[in-house]
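Note that the chains are named A, B, C, D, E and F in the order they appear, and that numbering of residues resets to 1 at the start of each chain.
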């Protein structure tokens, strides 16, 4: 099994955190390709940054997905996920969605712990878009600017543990998600200090990607996740243009899309 | 990895269908224990039958879970799932929940195809209890009494395919779930004839059980999925009494539950 | 009018509290049969205990409903209510549902006051299953282990009054429900000290049972609350087997159920 | 027990239908006062007519409630119900709300059968305002102008039975409400021809009014259903002015309302 | 363009505040007619007062709408809005609805700041009736009785600013609405001291009324906002009787309404 | 007043349709700048195309917004709207949101008529993201491939009118939106043939943009619509980098964002 993992932001230090946790999580036979967004911002916490990251992710997925069995969009908030799912012939998962769907099978109400106040609105909208609003206990967050996104686990570990405990005791969380690629791996380290199951976006996404690839679902040729219908395009990177503009090939499902 | 799979109804022919699909789905190193409910009805399609099946399932899980890494409740509708999740020290999954959480990562709106009109209300309430109401496209069903629950796949295969297609074209389903243990394996056979991804409760549940066991979440000691607090009980099978009545042992989390 | 009242837990001291309040609430001509669950736990506050209580209640209702005009499941959380409603030829009510439907006619948002932290998740899910989520102001609870379930009213009366007032002033409750059979009768005693109308599960359920029996609704022969379709069963108490397995009789509505 | 029943429209023939069904439904010891709105329209099917009927009902309730134990607003759609509940010191019920809360205890999804297309939007909004949206199966209606509101039961009986059956078979209704005061009593007549329980607004409202009066709830002195705070008013009928303007008396709860 | 603005309460001092802000907001060519309710209460904060205000507003709109291009119901809570929209041949807007629809285009979650505790329930129900529940961050309010409704802006200005800031920082409001006609104009004065956009009901309603009149929508002849079908009426002011009773004229859409 | 209108797709023929309707809708003193996306697809009907269009729109808005009072994203589905609202110092509106917020003031349930089956899922998700799910009557669509996006109004006019009428009569729409920039202006032409008010995305958006600019709201310095916090970026067009990366300037609100 081969997975393509794309970090939607430009921080290679974050890509390294993602890779480390992904390698710890992946099954023995799974090969991983890691990619970092070629353009964008250092990390994503707003809708504007997510829109930029979504496009960068689509460009990267289009260029590199060939030969992989599934893909992972490795930012909590899942920038470009639904778009990629339409475009690509392989399953695509995102950190938020995979963590939610995994956590939902470990308890009732789900708490999310995040790295900044600003990021909460985007996360909440992502949860809502998954239809999981009624499962959300709360989104708690660190409340001070981060000195360094790469060392947030070390700098803020105790505060994150305190947030987890508060989510259980005050918000009624039955299970927790440590959110955000910069926190990849933290769940594993603090699990014994938290009184409920705790999961991590990267490990859930890698495993759910393996699971979906294992189910070997056929690609949709009808419905709203079929490949976009053929149409003219301009100014797109060639690999993306081939997927979205579909210049003549892969047209067996045109009738279905009409 | 060892999984315990309990069929909540009394039909050993259904247990055999479940076992066959479970073995096709499980990873190479996974060992399976199959159990059939010791009391109950031939198959479950009402709330009354589900309440009976839930209790039978709890009895069976209590008796046999030791030595397993996760458990599967192998009836669509997930009788006893939340109760079992509180009681057992290992992850427990159900066919409906696992299929929904898998399908949700393959498309937007989810269609369910079922074997009887009567069963639809119970399934709809199960989807609602998962908080996935907004993801449900429709529940379509066969509309005639079944001659034989064991041969429904052979007898009604064409009708089930037609229902799948209608769910896509008329109800807007992006992904389908073939529901009910008696249909275990059908998704695999008809996938090429259906224009969207289609999944099956048994295969999703087996794989999600492996995934959750792999995450090795700690057991909740607080929150609403911690083990039930110690209290007097009477008239329960001994294994169940030990889990629910907790006669003196396993009391490290009493404070958290109070 | 004859009502069958089943206490889903095994505590006869709780049955006595229920009986006392039920006799205060019932109309002059109403006769009451009280039954205590033959197996189960001392009181119900988790999903696991509710699943056990549901089965015990179905067994008891099946055995004793003959000759009654309606039945009451006398635990807040309504274990087995929907199942019993399918199975029995008479109306069946539960404490939560009856209290909600009564309280809803006395104000807008409904506050629930309960006896333990742990019980809140189960109550909230019961309210959700009734479709009354948007009417719920809050569920407040006592926060310490109970020394004695039988004397909770005397031991914790002042704290319960304080919780009621907080539900009005901080959570916006317009009407209150004192929840749980162990608190039966408390609403009556403290009403004058609480600034909004306050109702009790037992008194509401007894009166709603009388009301529904008075409407003399015909039993459903179609829809999802018709009697379960005939099918093989095994290992069930004979009275329950007759209702669920329906061995040959009562078959006028088979067509409707198919 | 004394009940005040106000017909919010000006049709005395409808008041007579209401009275006949109310007398059939009331308990032996219950005395009924019937009133017809002193101004307004012949029957209410729009939001505009309901707003007029609401005010007429408040005027009538203010004038006549003294000496009664509870009041019934006898139009489906419940014009003025929440307003009356704030204003009056006795319980007040409406046909829609009482029928919904009764029907909810007889099945899962509730179907409503109504007398005109136009009336459906107002009914749907009333169900929504009760928070019972998720319990609604459908609102079906007669589709032709009514020749005579007083003889609709006789003229349209067969069509109404057909609508009831369609609501069960096509919309999944488990229980039905025959809506609208002009249809008072019809449920009783057609019950045997409908395959699910069927209730009527007038009989439910009369019985729920008796039930609530029997609970003897104290009047709210805090929360959003306390009496409106004292303030200047002008141009109102004296009885209404006394309740809303509260000119100096009944001021024990001013603090609570502030 | 000519707008009719009706104050649903009897306070001419409030009408003057409304007029001042309306004139500041209206486009150069817009002429305004201001009317004060001929009967009712000093200001509206309960459902009972709103029901009275709704009727008074309908009477006033019926009498005076001729010759205007759109109408404004100038109380937050929008008494009589849906009714007026059915009745009148011109667009009608309300302060709550217009402010919500404007604010929704300036941010995500909307905070409302109001003048009394009691008024919050009515406002919340108005937001719900608009379908905007999920956009509501919170409704914060002054917590003491008002000495004088006419000087609330001067007396309570600092407290209102503090409530605005708390709605942003504690409740997650992205945009604020200063609610209630007595606060008309305050948003304009305090905008620079509040860290998010802040709007006012009167200015939004005047501008939205101009906008809708500019779209020149045709009046509905079908659907639930067509004029009420012809029927007998009695005891209504003549202008209102003409609109609701429609005595013979304006009958081109009878077929559509049936 | 100056408005910047960006067409998120690359079709200049669609930009011309937009411009024509925008000029018919704008107030006399309003100047319009029209821009067409510099890269992307011919028209947008999928999530993938919308993600591409969102980025192209952000690039274009960043480059050209200076000197304008408000901006319009001129594709139904509002690609990039929330992102742009964070980034830009001026109000930004989208066709879907503006049409919904305008239509919501003209009736109760809103029907949308669209140009392709495929586009419906994206539109529905856009309505959901606006929180207007409960106001949506239906989304009806043309069901055949379009020969020419530029001539769809002429080619399909009669079918679109038939869809509008069906939305009113079968789906309960009280007001209609003709969706999609390629249909700009059609509402105006067919209004007299449709029995309810009908609005158009372009005209609503232009007028709402004028309205919001007229309110002169201050830009958020706190909350989730404040400008994105300063962070490193790479590979972005300079104008976009200045808005998102905020290289040192415009830092007065850093504290608020932290």
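Convention: a residue touches a chain if its C-beta (ideal position, glycine included) is under 8 Å from a C-beta of that chain, and two chains touch if they have at least 3 such contacts.
Being a predicted model, the structure only gives us computed values, none of them experimental.
**Student:** Moving step by step between touching chains, how few steps can get you from chain B to chain C?
**Tutor:** Each step joins two touching chains, and the minimum needed here is 1.
**Student:** For chain C versus chain D, which are copies of one sequence, does the interface use mostly the same residue numbers on each side, meaning over half shared, or is it different?
**Tutor:** At the contact between chain C and chain D, which are copies of one sequence, the residues are largely the same (over half shared).
**Student:** Taking the mean of the C-alpha atoms as each chain's centre, how many Å separate chain A from chain C?
**Tutor:** 43
**Student:** At what distance in angstrom does the C-alpha mean of chain F lie from that of chain C?
**Tutor:** 51
**Student:** Please work out the Cα centroid separation of chain E and chain F, and write it as a whole number of Å.
**Tutor:** Roughly 27 Å, centre to centre.
**Student:** Which positions in chain A touch two or more other chains at once?
**Tutor:** 82, 85, 108-109, 120-121, 125, 172, 174, 224, 226
**Student:** Can you list the residues on chain E that touch chain F in the complex?
**Tutor:** So the residues of chain E in touch with chain F come to 27, 82, 85, 91, 93, 97-98, 101-102, 104-109, 130-135, 168-169, 172-175, 191-192, 194-199, 203-204, 207-208, 211-212, 214-215, 217-226, 253, 256.
**Student:** If we count contacts the way the header does, which residues on chain C are in touch with chain B in the complex?
**Tutor:** Residues in contact with chain B: 10, 38-43, 45-52, 54-56, 58, 80, 82-87, 116-118, 120-122, 125, 128-129, 143-145, 224, 226, 228-229, 231-236, 240, 243-245, 254, 257-258.
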